Amino acid sequence: LPPIPTPFHADESLALDSFRSNIERWNMTGVSGYVVLGSNGEFVHLSPAERKLVVEAARTAIPDDLHFIVGCTFNSTRESVKYVQEMAPLGVEAFLVNTPFYYRSEMTAERLAGHFTRLADASPVPILLYNIPQYTGVSMTAETVAELSQHPNIVGVKESSGQFSLVTNILRLVPESFTVLSGSASVFYPALALGARGGVLAVGSLAWRACLDLMTAVRANDHVRAGDLQLRLLPVAEAVTTRFGIAGLKAGLELLGFYGGPPRAPLKEADQSVRAKIKSTFQASGLFPELE
Amino acid sequence: LPPIPTPFHADESLALDSFRSNIERWNMTGVSGYVVLGSNGEFVHLSPAERKLVVEAARTAIPDDLHFIVGCTFNSTRESVKYVQEMAPLGVEAFLVNTPFYYRSEMTAERLAGHFTRLADASPVPILLYNIPQYTGVSMTAETVAELSQHPNIVGVKESSGQFSLVTNILRLVPESFTVLSGSASVFYPALALGARGGVLAVGSLAWRACLDLMTAVRANDHVRAGDLQLRLLPVAEAVTTRFGIAGLKAGLELLGFYGGPPRAPLKEADQSVRAKIKSTFQASGLFPELE
Amino acid sequence: LPPIPTPFHADESLALDSFRSNIERWNMTGVSGYVVLGSNGEFVHLSPAERKLVVEAARTAIPDDLHFIVGCTFNSTRESVKYVQEMAPLGVEAFLVNTPFYYRSEMTAERLAGHFTRLADASPVPILLYNIPQYTGVSMTAETVAELSQHPNIVGVKESSGQFSLVTNILRLVPESFTVLSGSASVFYPALALGARGGVLAVGSLAWRACLDLMTAVRANDHVRAGDLQLRLLPVAEAVTTRFGIAGLKAGLELLGFYGGPPRAPLKEADQSVRAKIKSTFQASGLFPELE
Amino acid sequence: LPPIPTPFHADESLALDSFRSNIERWNMTGVSGYVVLGSNGEFVHLSPAERKLVVEAARTAIPDDLHFIVGCTFNSTRESVKYVQEMAPLGVEAFLVNTPFYYRSEMTAERLAGHFTRLADASPVPILLYNIPQYTGVSMTAETVAELSQHPNIVGVKESSGQFSLVTNILRLVPESFTVLSGSASVFYPALALGARGGVLAVGSLAWRACLDLMTAVRANDHVRAGDLQLRLLPVAEAVTTRFGIAGLKAGLELLGFYGGPPRAPLKEADQSVRAKIKSTFQASGLFPELE
C-alpha cells in the first residue's frame, strides 16, 4: 500500500496526468492498493479543491480490485467530518485519519478518542487511525488505539512512529480482525513477524518488489530472507524519508522512470548532490538491479 | 493588540454577532488594535469560507484608527500567497504569518527565509513574522529574523516562544524601525524594557488594563510598578494559555461579561472545576477589581 | 546476561551477602553471565569504594565459565581510565562503558569516538560500548559504533534506546565478529532475528526462562514461538523499567523469592499498590507459572 | 558570584597554582564571592580527592569577606550527604546542590523535595538549590522551590534554565528572605528587575565589570543603562556557554590574561578558529576596552 506522492509541474501546479500515469505503472507491480493524500501526498500543501481533483484522478486510475485509502489531516473534528462526507461519495474505500495536533499539549488520550469516535460515527466509510508523531508532535498510546478498535467503523491503524514497543503493544491489545499496518519501514519486518497485516511505506513506491518479497518471506517462515531484505530496505527507506524527505522520494521515482517533479515550497526539489547520494544508496542496497 | 478568539455557538457554528459585540466592548478599552485568526483565533479549526466571514465581520466592527492584523497559518507557500491575496482586499492592514511546520525537520533557516520572502513579495499589504514553537515545533533564529527584517514588506515579528534570549537577540539585530512584539506574556515586561514595541498577548483580551498600565509604566521609567504588574500578570496569563488553553481564555471572557462559548473539538469547553480555578487565579492577581 | 541490581539494606547500606546469594540462584538458571554496576546496578548511586566491594563480591559468586561484565559510567575520560585500570585486576572480563553525558550538547560524534578510543587504548581488558539515551540524553550513531568497531579492544555494543532502526543500522555496518547486544527488551526478538548475539535486559533477571527460550526459538527458526514470547515479555519488561524503574525491578525480584530491598534515594521502594500492579502484570504474561 | 572554572595543565592534571592566582586576580575586581565546583567548575570530571584539593585551594585564596559557595552534583542523596559533611569543615559557606538526574523520568517533584530536605537536614551549612535542565534533563517547578524555601537550612536557589517564567514564578512564591540568583545571563537584567538578589554567571568570570554595573544600574533605576548592558552581555555570555562551552570560557579567560588551559576530555580545548570568534564577539560587545 504505497502512500503515493502528489506530483506537481515545475510551477507547482497539480500534474494530474503524471499522477495517473504513475498509478498505471504501479498497478502492474503487484501492490495491493494505494494511500492517496497522506503525509507523502502533501495533503497539507493542497487546497480543498485540489484534494478533490486528486481523489477523482486517483479513482479513475486505480482498478476496483485494489485498495483505495485517502488521507485526512485536520485539526478540528468538524472540518474532518465535512471532508470525509464530501470525499466518500467519490469512491473512497476508507480514510486514513491523522491525529489533530496544532494544540498539541491539549491532545489528551480522551480528546483524541473523542475526535476519532465522532468522526467514525459520521463517516460513510470505515476509517483507519494514523499515528505519526515525528510530524505532529502527538502520539496515541496503545491503550487508546485498543479502545478505539472496538468501534465498528474504525478498522485499523497505521503506526508510523517507528517505536517498536508501540506497535507491539497495539498488536497485543487489539482484536485480530483489526488491521495493523506499519507506517515505518524501520520496523516493517518485525511488525509483520508479530502479526501486522502489511505496510504503508514511502519506500513501497520505489522498492515494491522488496516489500512484497519481505511479506512473502515472513509468511513462508523464511526469516533469513526477510532479515536480509529488512537490512537492505532500511537505508533506502531512510534516504526517501528522514534524510531527504519528499524531495528525496520524488527524486527516487525519477531514477526509476516515474514522474517525480518538485514538492511544493517551502520544501525544495533535490539537487544534484542529493540525487547522487540517493542513487548510490539505491545501488548499494542491491534492490534495484535496473540501476546497476 | 489582543489576539482575539473566534466565538462559536454551542453547536460549534460561527457566532459572528457575538464576535462583533465582543470587539465593540474591546474598542472602548484603549487597546491599539486586534489580531484576528491567530492561534487563539483557532485559524486551524476554520474552513476557508469561515475565515473570510470572520475577517469581514471584524472589519465592520473595528474602527479605522485601530490596527487590524490577520493571522495566516499554512504549510505551503502557495496556499499562503493565495490567502493573503484573497484576504487583503477585505481591508486587512497586515498579516501575521506563521512558520510552515508539518514537515518540521525540513524547515531549515534557508527554507523559512524563502517562504517569508516569496510571501512578502506577493502580499499587497505588509507582513509580520510569527514564531510559536510550542505549537509548531519550529523556531526561527534571531539571525533569520534579522535577515528578513531587511525586506521592505516585512515590518515586524511576534515572538511567542517565551525564550527571552531569542527576543533579546532579535532586538539586538534588527533595525529600530522593525516592530518587535512580545507574543508571550511571560516576557512582556522585559521585552518592553529592552525595546519591544508592544505585545500580542492572549491575556490582553482580559487584562487589557494591566497590559496597558505596564506599557505606560515602562515608558515612564516606573519599573517598580512594571515589575509588580508583570508578577501579577503571569499566573493570569498562564491560566488562559499553557494551563487551560483556549477553553480557559473563553471561560475567562465569560467571567468578564464577554461572550466565550466553546472552542471547536477536539478542544473542550472548560468545566466547572477549571472555571473555579480560573476565577480564583484572576481574583488572586488583584488585576480584576470587578471580580472581588 | 542480566544487568543485575545492587541490593541495599533498609538503611541503604550495601547488602553484599544478599547480592552473592542472588547471584548463586541466578547461576542455576542458565544465564550466560552478568552485567554488574550498569544502570540497573545503580552505578551512579555508589561511592568508588562501594563499587570495588560490589565487583569483588560478584567475582567470588560468579563461576569462571560465566561472563562477568562491569559497568563504567563517568563524564571524564580520565576518571574512566583510572577506573578500568583499578577494577580490571579484580577479575573483570570486560567493561560496559557508557557515553559521557553531563555536557550533552557538546557530545559530538568525534568527541564520543575520542573518549572510547582513548579508553580502549588504556584498558587492560576489552570494552563494550553502551548507548542509553533515555538516561543520558546522548545517543551514538550507527556510523560512530561502526567506526569504533574497528578498534581491537572494543568488542561490542549494548544498544538500549529501543530505536530499532539504530540496532538495524549497527548490525548492517559492523563486522560479524563484533558483538551486538540488545539492551532494550522492546526490540529483543527482532534484534536477535537480524543477528544480535543476545540481550542485556533488566527483565532477564526475572524472566530468564522466557529470554533464553526466545533465543532458542529464534535459532531454531521457530518464529511463532519467538513472537509469542516477545508479546508476553514486553509488558513485564515495561513494568520493571519505564513504568516502575529499579524499584519495580527489585519488587519483582522479591515476588520470585530473591532479595530485592530498596533502591537508594531519591528513588523510592515500591509501595503496595505498585507491587500489586507488578504482580498482576507478571501473572497476566503467563511467563511465571509459580505466581499463578 | 562567578562560577569559576577548575584549571588543568596540558596533561589534564589539576593546576592549583593557577587556580589560586586566578582567584587572586578576581579578588580585586569587586565580585562578591565565588561558586567553586559548579557545572563550569567541571565537578563531574573530578575525583573525590581532587574535589577536596580544589576546595582547600579555594579556601586559602578567597578572603573571608567574600562568599564561598561549593557545588554538589550527585545522583544519590546518600553520596550528597557524605560529601557536604566532609567538605563543610574545610570552610565552605554554603553548598549549591544540583538536582539528581540520571534516572530522570523518576525525578518527581516529591522525590526532588525529599532529596533536598534530607540533605538540608544533614548539612552543617546552608544549601542553595540548583536548577539547570539543559545539563540534567530535570527541572524543578516554582512550587517545589517555594515549598523547599520554608526549610530553615535552604536559603536560596540558582535558576539556570533561562526560562523567565520560572524565575518569575519563583520570585512570586518565595519569601523575600530567600535568595534567588539568576544562573543564566540571558535573563540577568529582568531577574534583577523583578527582585533577584544577583547572578551566578559564567560570563561573570570575564565581564565582571558589566555584571556589577548592571546590578548597580538596576538599583539606581537606570534602566536605559541596564538594558544596554544586557544587550551587550548576551552574545558574550552565549559564546562562553551554549556556543563554545567550558572550552570557550577558558579561552576567554586567556584573552584577558588569566590562566585558561584545557577542559578535561571528552571536552576539547578551543582551536584557533573558535578563539578568533570569541575574540571578535568580545570586541563587538564594547565591554572589553582592553581588547580593542
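Letters are used for the chains, namely A, B, C and D, taken in the order the chains are written, and counting of residues starts over at 1 for each.
We take it that contacts are C-beta pairs under 8 Å (C-beta built on N, C-alpha and C of every residue); 3 or more make two chains touch, one makes a residue touch a chain.
Because the structure is a prediction, the values reported are computed rather than measured.
Student: Between chain A and chain D, what is the gap in Å from one C-alpha centre to the other?
Tutor: Chain A and chain D have C-alpha centres separated by 49 Å.
Student: Please work out the Cα centroid separation of chain A and chain B, and write it as a whole number of Å.
Tutor: 35
Student: Mind pulling the residue numbers of chain A that touch at least two other chains?
Tutor: Answer for chain A, listing residues that touch two or more other chains: there are none.
Student: Chain adjacency by touch: line, ring, star, complete or other shape?
Tutor: ring
Student: Okay, what are all the chain pairs that touch?
Tutor: A-B, A-C, B-D, C-D
Student: Could you please specify the touching residues of chain B with respect to chain D in the complex?
Tutor: Residue list for chain B touching chain D: 162-165, 168-169, 171-172, 186-187, 189-190, 193-195, 221, 223, 226-227, 230-231, 234-235, 238.
Student: Quick check on the complex: what are the chain D residues that touch chain C?
Tutor: Chain D reaches chain C through residues 12, 39, 42, 44-48, 75-79, 82, 100, 102-107, 111-112, 114-115, 118, 134-135, 137, 242, 245-246, 264-268.
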